[in-house]
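Structure below; questions to follow.
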Amino acid sequence: MPRTVEFTDTEFMIAQGARLLEDGKTFFVGWGIPQVVAILGQKLYVPDVIQLFEFGAIGPQSVLPFVRGTMGGPQNTFRSLQWLNMNWAFAYSASGYMDFGMLGALQVDPYGNINSTFLGGTYERPERRFAGSGGGNQVASHCWKTIIVIKHEGRRFVPKVEFLTSPGYLTGPGAREKAGLPAGTGPYRVVTSKALFGFDEETKRMTLLAVLRGLDPDDVVKDMGFRPLMAKEIDEIHPPTDEELRLLREEIDPSRFLIAGEPMSAVI
Amino acid sequence: MTKIRKEGEIEYRFEPPDDFRAFVRDRKSRKAEPKLCSAKEAVSAFVADGDYLVYDFSSLTRGPQSLIREVIRQRKKDLWVGAEFTLHESALLTGAGCATRIDVGFLGYGSYIGQAVCEGRVRVYEWTNGGLALRMLAGARGVPFLPTRDLLGSDNMGVSAAKVIADPYTGLPVAVVPALNPDVAFIHVHQADVFGDARIFGTNLFALEAAMASHRVILSAEEIVDPEEFRKDPMRTTIPFFLVDAVVHAPFGAYPGAMPARYEIDLAHVDRLNGIRSEDQMQKYLHETVYSVADHEEFLDQQVGARRMRELRARATIIEGYR
Amino acid sequence: MTKIRKEGEIEYRFEPPDDFRAFVRDRKSRKAEPKLCSAKEAVSAFVADGDYLVYDFSSLTRGPQSLIREVIRQRKKDLWVGAEFTLHESALLTGAGCATRIDVGFLGYGSYIGQAVCEGRVRVYEWTNGGLALRMLAGARGVPFLPTRDLLGSDNMGVSAAKVIADPYTGLPVAVVPALNPDVAFIHVHQADVFGDARIFGTNLFALEAAMASHRVILSAEEIVDPEEFRKDPMRTTIPFFLVDAVVHAPFGAYPGAMPARYEIDLAHVDRLNGIRSEDQMQKYLHETVYSVADHEEFLDQQVGARRMRELRARATIIEGYR
Amino acid sequence: MPRTVEFTDTEFMIAQGARLLEDGKTFFVGWGIPQVVAILGQKLYVPDVIQLFEFGAIGPQSVLPFVRGTMGGPQNTFRSLQWLNMNWAFAYSASGYMDFGMLGALQVDPYGNINSTFLGGTYERPERRFAGSGGGNQVASHCWKTIIVIKHEGRRFVPKVEFLTSPGYLTGPGAREKAGLPAGTGPYRVVTSKALFGFDEETKRMTLLAVLRGLDPDDVVKDMGFRPLMAKEIDEIHPPTDEELRLLREEIDPSRFLIAGEPMSAVI
């Protein structure tokens, strides 16, 4: 008999991200949500995923619970295969050893270009200033498959990003290669709080692949700042499972620092 | 001091390799001399107004926070900060009127620094973390530039002095960044001897690159050890003494951040920092934690306290590999 | 296999970064799988005629001598050797008809290899030690070239594919060398686990660069240890498993060279090697030490002997720092 | 009362080299004779010299006796300040931290250009082939002061080297800088088995500074393939001292592997 599960938008994005990883592959982990995605994924789905952090931790096995503010501390460099530095970390990705990368975004455009630098005004005098690239530009440039995690708010999906911090497919097919970026790389999926997008082989434009169980695809895309392509068949995304939620809430982030967010629910 | 150059509207620090080499030849000593001194002495001797400053690692992990506070205490002016993980340093240095330009990196969080950028109180350039690390490597390798296959196609190219050139072998476009030879580098380490040999346990951003590429290097160390220690285990030496100008003994020097395997991050204090929004809050924080105390020791005594330090040490339970 | 390019008369190995990246994506596994095998299996599986081969360190110190002998035993052909300190490898590989081109480096001693060059039996290109190390770093960093402020003004420029370009920032001339992505790297290590995690104690030429930049990596290890060892001390890991294709357990694998802190060099055997002048002497040496024995173990039993190995181990009295 | 001291040409070159080093400076040590020069110098004259080897040993304190064939082994990396690799070793020299470098040579020309690659014939088909650069090209390019050690045989001093392996002053004043080599670097001294040469500030040409006690400067230069400049005052070089010889023969190289050579003598 059907029941309703309740979760936050963040929990849903984290669960989706964790399900996208492949076991025995490498994963370049960005700051914040991707850290939790890596932990959940490794615990539940991809025990042999190799995490890599830009500050030189190769293959750590993070200690639980996740300690907020930890970036380079013992908790998320624990039991690494190797401890190096930033230039070596980006050597691994630049020479092709990083299969997946994951990044958050303020804005994303139809080609998966990311803005994480500013909103409104000009670069010199923005209305709102944010962190900027960090190592995001390298991750999006080097990794074979970049996964973008972004809250599903229409204003975040724009025809053109105000500042191109980290490269998606730039202006379309062939543009990355023309710019000199490594061939065969680019955004792979966009994980949102309502849906999952991919990119069309031919046009490199964002394509709706699936929506959270119970949501209407047209509702999901209607307030986006651009019209994404629609897959022939729009799949249904299972809401966070009991096991995913238990791990997130009890073992990974009991302080609810990273998994907090807007309440959502779905009937299963 | 490294020169300021312009590419269009963009200012960037750059020193031709020959100029840096001449400084290393004439102004850096290869003699093993005791360099132990106070933070006050080190910062007044080796940090000048207008200097370009870099540090390793971050606000939350092994950052040279006691040295940053000393810079603020001495009210240095017009600093240009090369900052990778700058979560608080840039905000504090800007709020204190010390920094006017920042090369990032990852520009912190908390709204104060963002607001300062919006108001034009500090100028920011986008080199990205990988770009800054590569600039440092170029500075250390004595070459004027290094190539990389990122930055390409992004707007960071327009707000940094990175360029695109044709690879001499394939003709394909590749990005290049100019060498960076900072005026001064702050590096907080686990162990140092009085001459400046130093060990960092765990990962680092670009500790050796920065020490080699910088005109002046100030180490702050949790622990001062016997020089013989380093020669017994040369694979563990992060920085050899002849790159270093000053050694400051600074237990809890990374506070409120964490020192891996020594003490954990003080989240309550970090929250207080992240909560700074207004100018009043910033000045109040600076007064309490910097201006009103004579030095790091007094700060620890009055603002942190022995009990808190004991707690933070007790929380650092993961020591495996940090030796 | 990396492609052969020409600059005027000069042939050099070069593979565009995108081609190497595609190989890494499609042909290198990131799965932790047991890779322990015999030298015979490793060499026949991962070394093909015409391959470009590099190794770390030298004939006298931690060289992969047992793997070199296995290559000779399997009579590989038309190898191109990237050799820094090639005191004997190049002579043996040339004498055995395995190598036809050598990028140096430091071209050995003893008159055999010099004679072979004079007779045009092997082609040599001058990249210099620094140039080869830099090419390897470029290969590991995924960039098509790296700049350097040497080679300039020397005749090595004319007998390698190094070029001079104008620095994009100063306009001054700077040398560049193309990335090197060898077909196969041999690295002899102190400790490895069955997956390929490895530790080298002491210095190295470019062990991590070579492992990262090469299509195939064969490790020979004095000792096979528990994989958990590496995660307990990540600062000691020289090479992580996912760069490695095969692990060969090879005690005395560096013989007749030394393995730091394990055994000393066998000077009598080295003198025998250095004394090789004629083709007869070379073929006699190869017959006795390679062709007439089935493998490294048989070589040690029949040609070296337990007593000699005990003596060489006993002479390795300096262990400080090698851990 | 005067007495005759006997020594080999090699011992004399080693002693001269050791006397040229400065204490508290860095010394990039090449293969062979420079290794012994470094050891003798450190024992006798410059205890705080910092040796650096291209294979990544920074500041080792070599163990005696010198073991032939040792390059990168425990004996000459013992008690280092730091163990790294080749790319880091050349970073130290390229960024200006190496004060002295020392190299052997097959041939040297008036500008201190070094040939260590081949003699006779062409590069492709030489009459005699030797080791080539190794790291010598980097040492001669990066170090502030390069010391060349060469046996005093007329045929080794040529107007033009057959192959320019490691750069001296190339074609004369300003040529190194024009070629892009680091400014202010270049050959500093040439140590031979009979004499000591420097380089003229203005013309950058090799200049005779001193000869072994008892030798006639004109005899020393007459069979050289080019005529060096002569210093206003030609100094006298003291033959190897008893202490230098004792250290070399009893402590450093008792097997006489490196110090062997042609017998020489001088009256003191």
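Going in written order, the chains are labelled A, B, C and D, and every chain counts its residues from 1.
The rule is short, and it goes like this: a residue touches a chain if its C-beta (ideal position, glycine included) is under 8 Å from a C-beta of that chain, and two chains touch if they have at least 3 such contacts.
Quick caveat, the model's predicted, so the values are computed rather than measured.
Asks: Between chain pairs C-D and A-C, which one is joined by a greater number of C-beta pairs in contact?
Replies: Most contacts of the two pairs: C-D.
Asks: Counting only Cα atoms for the centres, state how far chain A is from chain D in Å.
Replies: About 58 Å separates the centre of chain A from that of chain D.
Asks: Calculate how many whole Å lie between the centre of chain C and the centre of chain D, each centre taken as the average of the chain's C-alpha atoms.
Replies: The separation of the two C-alpha centroids amounts to 29 Å.
Asks: Counting only Cα atoms for the centres, state how far chain A is from chain C in Å.
Replies: 40
Asks: Taking each chain's centre as the mean of its CA atoms, how far is chain B from chain C in angstrom?
Replies: So the centroids are 38 Å from each other.
Asks: At which residue positions does chain A touch at least two other chains?
Replies: Residues 57, 77, 79-80, 83, 87, 90, 94, 142, 182 of chain A touch two or more partner chains.
Asks: Chain B: which residues touch two or more other chains?
Replies: In chain B, 17, 141-143, 148-149, 172, 174, 202, 208, 232, 234-235, 320-321 touch at least two other chains.
Asks: Classify the inter-chain contact topology: is it line, ring, star, complete, or other?
Replies: other
Asks: For this entry, which pairs of chains touch?
Replies: Taking the chains two at a time, the touching pairs are A-B, A-C, B-C, B-D, C-D.
Asks: Which residues of chain B touch chain C in their complex?
Replies: Per the stated touch rule, the residues are 5, 14, 16-17, 141-149, 161, 163, 165, 167-170, 172, 174, 176, 178-179, 201-202, 232-236, 320-321, 323.
Asks: Any idea which chain A residues touch chain B in the complex?
Replies: Residues in contact with chain B: 31, 53-57, 63, 67-75, 77-80, 83-87, 90, 94, 117, 121, 123-138, 141-142, 163-167, 170, 175-176, 178-182.
Asks: For chain B, which residues are in contact with chain A within the complex?
Replies: 57-58, 60-62, 84-85, 104-109, 113-115, 117-118, 120, 123-124, 126, 128-131, 133-134, 137, 148-156, 158-159, 164, 172-175, 202-209, 258, 260-261, 264-265, 267, 270, 316, 318-322
Asks: Can you tell me which positions in chain A touch chain C when the two form their complex?
Replies: Checking each residue of chain A against chain C gives 24-26, 48, 50, 57-59, 61, 77, 79-83, 87-88, 90-97, 99, 142, 144, 182-184.
Asks: Quick one: in the complex, what on chain C touches chain A?
Replies: 17-18, 20-25, 28-32, 139-143, 197, 208, 212-213, 230-232, 234-235, 237, 240-243
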